[in-house]
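Take this structure, written in structure tokens, and hold onto it; I'll ask about it next.
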Amino acid sequence: MSDARQDVRKTYKLLINGAFPRSESGRSYEVLSSSGEFLANVAQGSRKDLRDAVTAARAAQPKWWGATAYNRGQVIYRLAEMAESRRGELAEHVALAEGLKDGAAKSCVSRSIDRIVWYAGWADKITQVLGGANPVAGPFFNFSLPTPSGVVAVVAPQESSLEGFVDTVLAPIVVGNTVLVIPSETRPIPAVLLGEMSATSDFPAGLLNIITGYTGELTPTLATHEDIDGIDLEGVSNDVAIELSALAAGSIKRVLRPDEHRGDAASLRRLRAFVETSTVWHTVGQ
Amino acid sequence: MSTAPLRLVTPEDRGVIISDSNQLARIESEAQLSAILLALSGVDAVGAEARVAKLATRSIKKSTKLAALNLAISMVDLTTLEGADTFGRVTSLCIKAMHPDVNDDSVPPVAAVCVYPDLVAQARSVLGESSVKVAAVATAFPSGRASMKVKLLDVADAVDAGADEIDMVIDRGAFLSGRLGQVFDEIVAVKEACGSAHLKVILETGELVTYDNVRRASWLAMLGGADFIKTSTGKLPVAATTPVALVMLEAVRDFAESSGRLVGVKVAGGIRTAKDAIRYLVIVNETAGSTWLTPDLFRFGASSLLNDLLRQRLKQQRGAYVRSDEFSGD
Amino acid sequence: MTDKSLESSTLGSLQYDPAPESAAIARLRPNYGLFIDGAFTDPSTHEQFASLNPATEETLAMVSSANAADVDRAVRAARKAYDTVWSKTTGAERAKYLFRIARLILERSRELAVVETLDNGKPIRESRDIDIPLAAAHFFYYAGWADKLDHAGFGVSPQPIGVAGQIIPWNFPLLMAAWKLAPALAAGNTCVLKPAETTPLTALVLAEILQQAELPDGVVNILTGDGVAGAALVDHPGVDKIAFTGSTEVGRLIQQRTAASNKRLTLELGGKGANIVFDDAPIDEMIEGIIDGIFFNQGHVCCAGSRLLVQESVADEVLRRLVRRVEQLRVGDPMDKNTDVGAINSAAQLARIKELTDYGASEGATRYTSSCVLPDKGYWFAPTVFADVTQSHRIAREEIFGPVLSVLTFRTPEEAVAKANNTNYGLACGVWSEKGSRTLWVAQRLRAGVIWANTYNRFDPSSPFGGMRESGFGREGGRHGLEAYLNV
């Protein structure tokens, strides 16, 4: 008789409105490690799950933008605190997903957490960098301020299961948008873990919604859903991006397609992509 | 110019309102009324909210807390305004009103019970000669959407049945569309129909929305003869808030200085905890002043508040948190 | 059933029982050394002096007095830390230290608030709700700039200056330390901080926090002491930059002494802020704003609204309401959560306030003083308002730095601007009106580094603060606050 302890295995669910439901379709799909071992049955999200995520994101957006920039920065920083305390778990799953050695996986997690901290520090700076007063030729006080587009859909990168996920998801969040994201199709687990951490840090319900599933099946819904204001197509090929962009045109979405920019330049591009500049004029006189 | 240090008038001195003459003119026309109301100072929302936030940091402990709890209990208008109200319900309410804590005779009775007009007679008969007043909501409460004839009849019914106080609603539609004269005339007419009963005018501040509107509506009601101005019907999700109470207390203070007449303030709706109630008392204390710290000039329209006041009072005495079942549910 | 009759005494008034915060939360040591190179020195190796509680005149702790040799040691430690560690630390890593410090301040916020109130005399409500949270916020804000300096508007890859010598005043001890350290560290400099003589204690607790944050040794050094230590720091050739907040008098001396050197300099000095009230001001919020403008922190604020310029047509009504409101101010034990106005920081400051106020009365202004009862021990001054003041009165021109308001009148917006600007200072002003265009028109013409509209004494780490003319130069807060600490 064996005394070996059996572990309690996790069911990976969706994240919608701060709760963890299964897909309304009841479907799941197998996620394998980079070397082909079975890891888990992950929820296979549906159109309706996306629809629910959009509803949640829309409801949460005014409150998120209504919080002070300082508060937004603190909320994002707290995610870094959570991730740091669970870095072992993240490293384990990044290693499995991407076939990395232990040291490389740990470095990847460190970089990802540092990226979260980098974004946290942007929350109360972006206005000063993107906004400002404009010296119009007349007795008016004129100023421009960056405001968020609203609800942003993100198709996270397929290869970079954690670092790329963090970068694409936090950029719209920092500037005041709420987000629904489809993680990498074959490497979703690190993203799902980060989602769990967001729900136990101070992220309000609906700020970040995670729908795992088949990218090809889900992205057309994202592109055509009229209540989504912007879409980041990082995780699809160029051909697919072209198709989806054409679909998105129907509701004049802001579309961000990957280009040659890398590193900080790419992140800054993401920060600016889902910002609407609002300019106010006020007369000046006795 | 005097060079000696002068002592200021204290809040206690202020308790004596000096008015050599009624400085307010008679209202002759809607244009005149509008001019008066629009000339009132605006309210800066950020400043008003910051003021109440600061007042919320007052730490009220020990004997002050006990005094505040007793005071708050004596200021409650114990209310039941449901379609399902029955004689039985009203009877239990009145008994609790007279004797809130079954185990403690030293707990003061509440100020009044507040019911619909067709239950006034029942309340009156249960309360007998008690100091607890009978307040009735009238004038097609809560919406106020009925003809003047019907609204005045509603008031007359309640007064005839023995109501000591009438809580009327203003016509918010008329107010928001600028028909200030109409709102004014309705208040004057209802006041007359009240006879010797006191009139509380419900502004329904949740529908007025801005603090500027609350200030103007407060003055309008007082000019029309209100004995009390009241925040809300309690039937809307947005009811009494501390900044709204601040603005109304500033209004009654300033009105008293201009006219010599003291008008009370009633906050109603959404006040559930003793902590909330004490916050309001602090605002009264530091805005209109201690003159208003009496049931004659300040009321809480509430139902579940009473039990929390009793609970906190008992906790002060026992030094331990208390079970909710300690007190009667209705 | 009979009712109990209610005693009128329970109904008529609401007096507040004392609600004291506990001093035991402070955890003060009986004596402190200097904080140099990451460690506290042995107190017995320094001359010691007492830090008093101005509300009771009791000794809170003994602290060390730094001499020129101590200053030299600290500057060398800062230089070594700069050369060998801090200048090699990436912005992202510097950011993480600063984030840690911000969090630690919040974790120990109650303790810090109590220490600040005991040492400074300000009401616990203010230390708790304003000083400490803002100090943490400053570290949090500047942490975010540490790895984004390319975007601060000073060109690509701006570099730090080196070693910063920072001298701070006694009115907001911890907050001023945060205002100095956070941007300096974010930009990559190392620091030697000299807290004020009468308020060293929160800086010493901050030193403990820096140890808990594991900030590398020597990156921040904290030297308690008097003017001798300050002068030695200003004169030290190993210091690349001096930042000073304090009186214009001392600022002048420092500017003279650094003139011959290459040291960079920023100064944040005194002020005689004008609060301008137009006839259409939101009346109740305006009264609160005037009160807050001059009685917040006992008036020990460089940007205090110490002059009220009120439109003549509403002057009587405003004065009447003001005087009524002053009488409501609760003056007394700073540790009582219900206290509005605390103690004057020192006997010296109290003497100065009395001298100027007596002079004001003799100049012919009409004096109103609160009838509040002042405690027997400690340094106290009753809130005072002078009416009928003109621009030629001393009390309209000189900074009193106490709970004393001077009230003057004006007729037109132009006159208001002229009177507000009729001073050698230029730190802060307030404008009260519901008419936006006029507020903006006035704001554009006021010579002041900070202008508050329909509010007063609002501070935020993202909002630049600083003066014009004899109120100093340089800005603290915001993107602008980085400039002082970058070699650009």
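A few comments on the model shown:
As written, the chains take the letters A, B and C, and residue 1 is the first residue of each chain.
Following the convention adopted for this analysis, a contact is a pair of C-beta atoms (placed from the backbone, for glycine too) under 8 Å apart; a residue touches a chain by one contact, two chains touch by 3 or more.
Treat the numbers as computed from the prediction; the structure is a model and nothing was measured.
The chain with its CA mean position farthest from that of chain B is A.
Interface comparison, A-C versus B-C: the pair with the greater number of contacting C-beta pairs is B-C. With centres set at the average Cα position, the gap from chain A to chain B is 50 Å. The mean-CA centres of chain A and chain C are about 41 angstrom from one another, to the nearest whole unit.
The centroid of the Cα atoms in chain B and the matching centroid in chain C are 42 Å apart. Not a single residue in chain C touches at least two other chains.
Multi-chain contact residues, meaning those touching two or more other chains, do not occur anywhere in chain A. Only residues 69-70, 73-74, 77, 114, 117-118, 120-125, 127-129, 141, 282-286 of chain A touch chain C when the two sit together in their complex.
Across the complex, chain C meets chain A through its residues 92, 95-96, 99, 137, 140-141, 143-148, 151, 153, 412-414, 436-438, 440-441, 444, 461-462, 478-479.
Listing the residues of chain C that touch chain B in their complex gives 1, 3-4, 6, 10-17, 19, 125, 129, 280-286, 288-289, 323-324, 326-328, 337-338, 361-362, 364-371, 388, 434, 454-455. Of all the residues in chain B, the ones that touch chain C in their complex are 1-12, 14, 41-44, 46-48, 50-51, 57-65, 67-68, 70-71, 74, 98-99, 105-106, 108-109, 128, 130-132, 250, 281-282, 285-286, 290, 293-295.
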